[in-house]
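Order as written gives the chain letters A, B, C and D; numbering starts at 1 within each chain.
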Amino acid sequence: MTSLREQVFEANLALVRNGLVVETFGNASGIDRPRGLVVIKPSGVDYAKLTPADLVVTNLEGSVVEGNLRPSSDLATHLELYKAFPAIGGVAHTHSRHATAWAQARREIPCFGTTHADYFRGSIPVTDEMEHEEIATDYEKNTGLVIARRFAHMDPLTMRAVLVAGHAPFAWGKDAAEAAYYAYMLEEVARLAYMTVAIEGAAMSISDSLRDKHFLRKHGPKAYYGQEKT
Amino acid sequence: MTSLREQVFEANLALVRNGLVVETFGNASGIDRPRGLVVIKPSGVDYAKLTPADLVVTNLEGSVVEGNLRPSSDLATHLELYKAFPAIGGVAHTHSRHATAWAQARREIPCFGTTHADYFRGSIPVTDEMEHEEIATDYEKNTGLVIARRFAHMDPLTMRAVLVAGHAPFAWGKDAAEAAYYAYMLEEVARLAYMTVAIEGAAMSISDSLRDKHFLRKHGPKAYYGQEKT
Amino acid sequence: MTSLREQVFEANLALVRNGLVVETFGNASGIDRPRGLVVIKPSGVDYAKLTPADLVVTNLEGSVVEGNLRPSSDLATHLELYKAFPAIGGVAHTHSRHATAWAQARREIPCFGTTHADYFRGSIPVTDEMEHEEIATDYEKNTGLVIARRFAHMDPLTMRAVLVAGHAPFAWGKDAAEAAYYAYMLEEVARLAYMTVAIEGAAMSISDSLRDKHFLRKHGPKAYYGQEKT
Amino acid sequence: MTSLREQVFEANLALVRNGLVVETFGNASGIDRPRGLVVIKPSGVDYAKLTPADLVVTNLEGSVVEGNLRPSSDLATHLELYKAFPAIGGVAHTHSRHATAWAQARREIPCFGTTHADYFRGSIPVTDEMEHEEIATDYEKNTGLVIARRFAHMDPLTMRAVLVAGHAPFAWGKDAAEAAYYAYMLEEVARLAYMTVAIEGAAMSISDSLRDKHFLRKHGPKAYYGQEKT
C-alpha cells in the first residue's frame, strides 16, 4: 500500500495547498479496487504534522487493516461512495468556503459560464436534507447513501461533485489526486457563481450548446484542449 | 503568574496569527481562579512589540497587581464575564471582520450548517443595545453585564461566543487558548454565514437533529471525532 | 521572433503575477504585423513550467510556423481580433474572477467611477450570446467574430476590453504587455463595480464630463497625468 | 525640507504597505505651515522605485520649488484642502477598494459600529457631484473646493475623511502620517460597512451615545484608551 499511501497523502496536502481546508476539516481517500482496501486521512490530525505513515488503511466494511490512528470520522461516507460509484478511485471532502456557502444555502450551483462547463456538465447538485432517523443512526454512512440517491440517474464521471445540504461538498475522480483537483475546481466555480448572483440575482445558466462545447473540448474522445496525451 | 502570562501572551498572538486583529483591536485574558487574578493585554500596545512582561495582572476588582502598563480598556468587560461564568478560564475580544459585520447588522448568526454546529450548538446570540445610562457610566463593565444578561438561560460552555450589538464579538473557553480558538472559529462561521445569506436571503438553520449530531460528535462524553484523548 | 517571444512570455507571466489566472486558464499573444506572425502560449501548459521556447508561432491562418506544442485552444479568437482590429498588437484572455462574474451575469460594467474612466471610456461591453451554430462549428473563431461584431461602431483603442457573454474577458492593446495590463485593470474595475452594486443596486454611471475628463487626462494628445514621455 | 520629505515619503509607503494602492493611484502630502511649502508624491511614478528625492516641493499656488518631476496631478486638490482646513498638516488620497466602492455608490458610510466611532464621529460624508463647468476647468482645484463646501459646518479634525462622489476618498490629519493612517482606518470601516449592508440592507447607525463614548474614549482631553502619552 506504500504507493497508494503516498498518493493519498499528496492529495490531502493538495487540499491544504489550494486553500480548501480550515483547521482539520477535510480529507481525501483512495481505493485499491482489486484488494478492496481504502487509504484515508486519520481523524482530527493537524495537516502540518501529517505523514504518509499516519494514514489509515481499512477494508470496505470500515475495519482498520493498517495504522494506529482512528480513520477520519467521514470514512463511512467515503465507503458508500466507493460502493455506489464503481468507476471512481478517489474521494475528497472539504469545507471550502464558497462551496460550503452554497451547500448551506441549499441551492445547486447553476452552470453560469464556461469555466464551470470546463469541469462540470451541468449544475452541481444538492442532496436532499437528511431525515432525523438518517442522522440519529449511522449518520456518516447515510450521508453517503443520500449522495448516491441523488446520483441515481447521473454519471459520477460527468459530474464529479455534490453539495450535501446544510453541510459541505464532496468530490471524486479516478484517483485521490483527481478527487482533490475537482474539490479545488468546485471551489473556484462556486466562487464565480457566488459573485455572479451578487451582480445579477436572476442570472441564468448558459445554453446547453455552450456548456457541452466546453465540457467536450476538455473531456472524452474528441477533447482537443491541452497537449496530446502520449 | 509566569505560566499564565505565557498562556495569555500566546493567546494574544494566536488572534493576530489567525487574522482576527486589525490595528490594536483585540485582547485575550486568562484567570487564575484560586488566586482570583486575571492576566490581560495592555491597552493600545502594538502586537508586534508585545512581550509576556507587558501583560498586566489585576484582581477581580480591576486593580493592577503586577505590571507597569495600563490594562486593556476592555478589562472591566472581561471581569464581568469571569464573575458571571464561573466555568470559564479565558476571554477573547476581537473586531474580526465578519463577526463584527454581523454585530453591526445586529443579527444573530443562524446555525446554517454543520461547520457552525461543530463548534456552537445554535445561533450565535446578539446582546440588547445598550441604553444611554449604561453607556454614560461604567460602559465597559456594563458591556459585560449586557452579555451576562443575554446568557441568563444559556450555558456558556455550549455557546462560547456572543455578538455585542453595534460593537463586535467576545468569545471564551476553559482557558485563554480556547477563548482565542473560539474567536477564530466564530470568524470562520460568520464568514460562511455571510456568504450564505448573500446566495440565499431566506436561508434557514439546519435541523436540530443535524445540529446536535455534529456538536455532540465533537463535544461531551460521547464524542468520537479526532483521536482518543490519552 | 526572439524578441516577440520574450515579450509575449513576459505578458503571460504578468497575468499570473497580477492574480488573473486560475489553473491554466489565460493566455496572451503578440503579433509581428509586417511578417503576419503571431506568438501565443501553448495549450494547457502549467505557467510555472513555461519557458519562452514553449511559445508557439503561427501565421494568421493559425498554422504553426515554429514550436513543438499545440497553441492555445483560444488561438482562433486571437486571430480574429488581430484581423478585425488592425491597430492592436497584443491580446490577453483570462478568467479573472470579477470580470468573469460580470461576463457570467451578462451585464456590461457601467462606468461607476473615475478609476474606470482612467482606463475605459464608457461601459465595458458584453457580447451577444453565441448561437448554437456558432458554437457547433469553428467555436473559437466565432468567439472572435462575435467580439468584432460588438465593436462594429467602437474604437478598440478607446475601449480595450470586452466581456464574452457566459464566458470571460478579452483585453488588448498596442502590444502583449499592454494587453496584459488592460486585463489587469479590467479586473480591478470589475471588482470595484461588483462592490458598488452590492452597496447600491441602483448605482449609476458618472457623468460623461467626469468620465471624459479622467480618460483624457491620461490618454491622447492633451494627457497630463504622469511624467513627460521623453 | 529633508525631514518633511522623509515624513511624506514614509506616509506614501504606508499607503502601499496597508494595501490601499492599486497601480500608481494614491498620494500623500505634508505641509510646512510657517514656510507655506507642500511636499507631495510625483505623478505616475511606480511606488517600488520611489525615493525621498523624487518628492516634489511646491508653494501654495502649486509652483514647483524643488524637484525634477511633475507633482501628482491631484496636487491642486491637496492645496485647496490645506487652504480650507488650517488645522491640518497632511493629506492622503487613495482609490482603496471599499472606500472607493462607497464613493462610486455615492452613499455616505453610516456609523454602523464602534470600530467606526473609534475613528470618525458620524457618517463619512459624500461630496456633491461635480458640475460640468467644475470638471471642464480647474478640475483638481474644484475637487478640493467641493470637499471644502461639504465641510462648511463640520470640523475636519472630528471627521478626517470624505468620499468624493463617483471618485474615491481623501483623508487628512495633523501630519502626513496621520493622514495615511486615517486613509487606512477609513478603508477598514468601509469594508465592515460593506459587509454590514450585505447582511442587513436596513442596517442602522448606532446611537449617538455609543458613538460618542467610543470617539471620546480615544480622542480629546478625556481619552483613556492606550497608554498615557508622556
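List of remarks:
Operating definition for what follows: a contact is a pair of C-beta atoms (placed from the backbone, for glycine too) under 8 Å apart; a residue touches a chain by one contact, two chains touch by 3 or more.
Remember, it's a predicted structure, so these values are computed and weren't measured experimentally.
Of all chains, the one whose CA centroid is most distant from that of chain C is B. Overlaying chain A onto chain B using CA atoms gives a rotation of 90 degrees, to the nearest 5.
Distance between chain B and chain D, defined via averaged C-alpha coordinates, is recorded as 33 Å. Chain A and chain D have Cα centroids separated by 47 Å.
The set of chain C residues that touch two or more partner chains comprises 198.
The complete set of chain-chain contacts reads A-B, A-C, B-D, C-D.
Residue ranges on chain C touching chain A, taken from their complex, read 22-25, 42-45, 69-70, 73, 95, 97-98, 100-107, 129-130, 132, 135-136, 139, 166-168, 194, 197-198. Within the complex formed with chain B, the chain D residues making contact are 112-115, 185, 188, 191-193, 195-196, 198-200, 203, 206-207, 209-210, 213, 217, 224-228.
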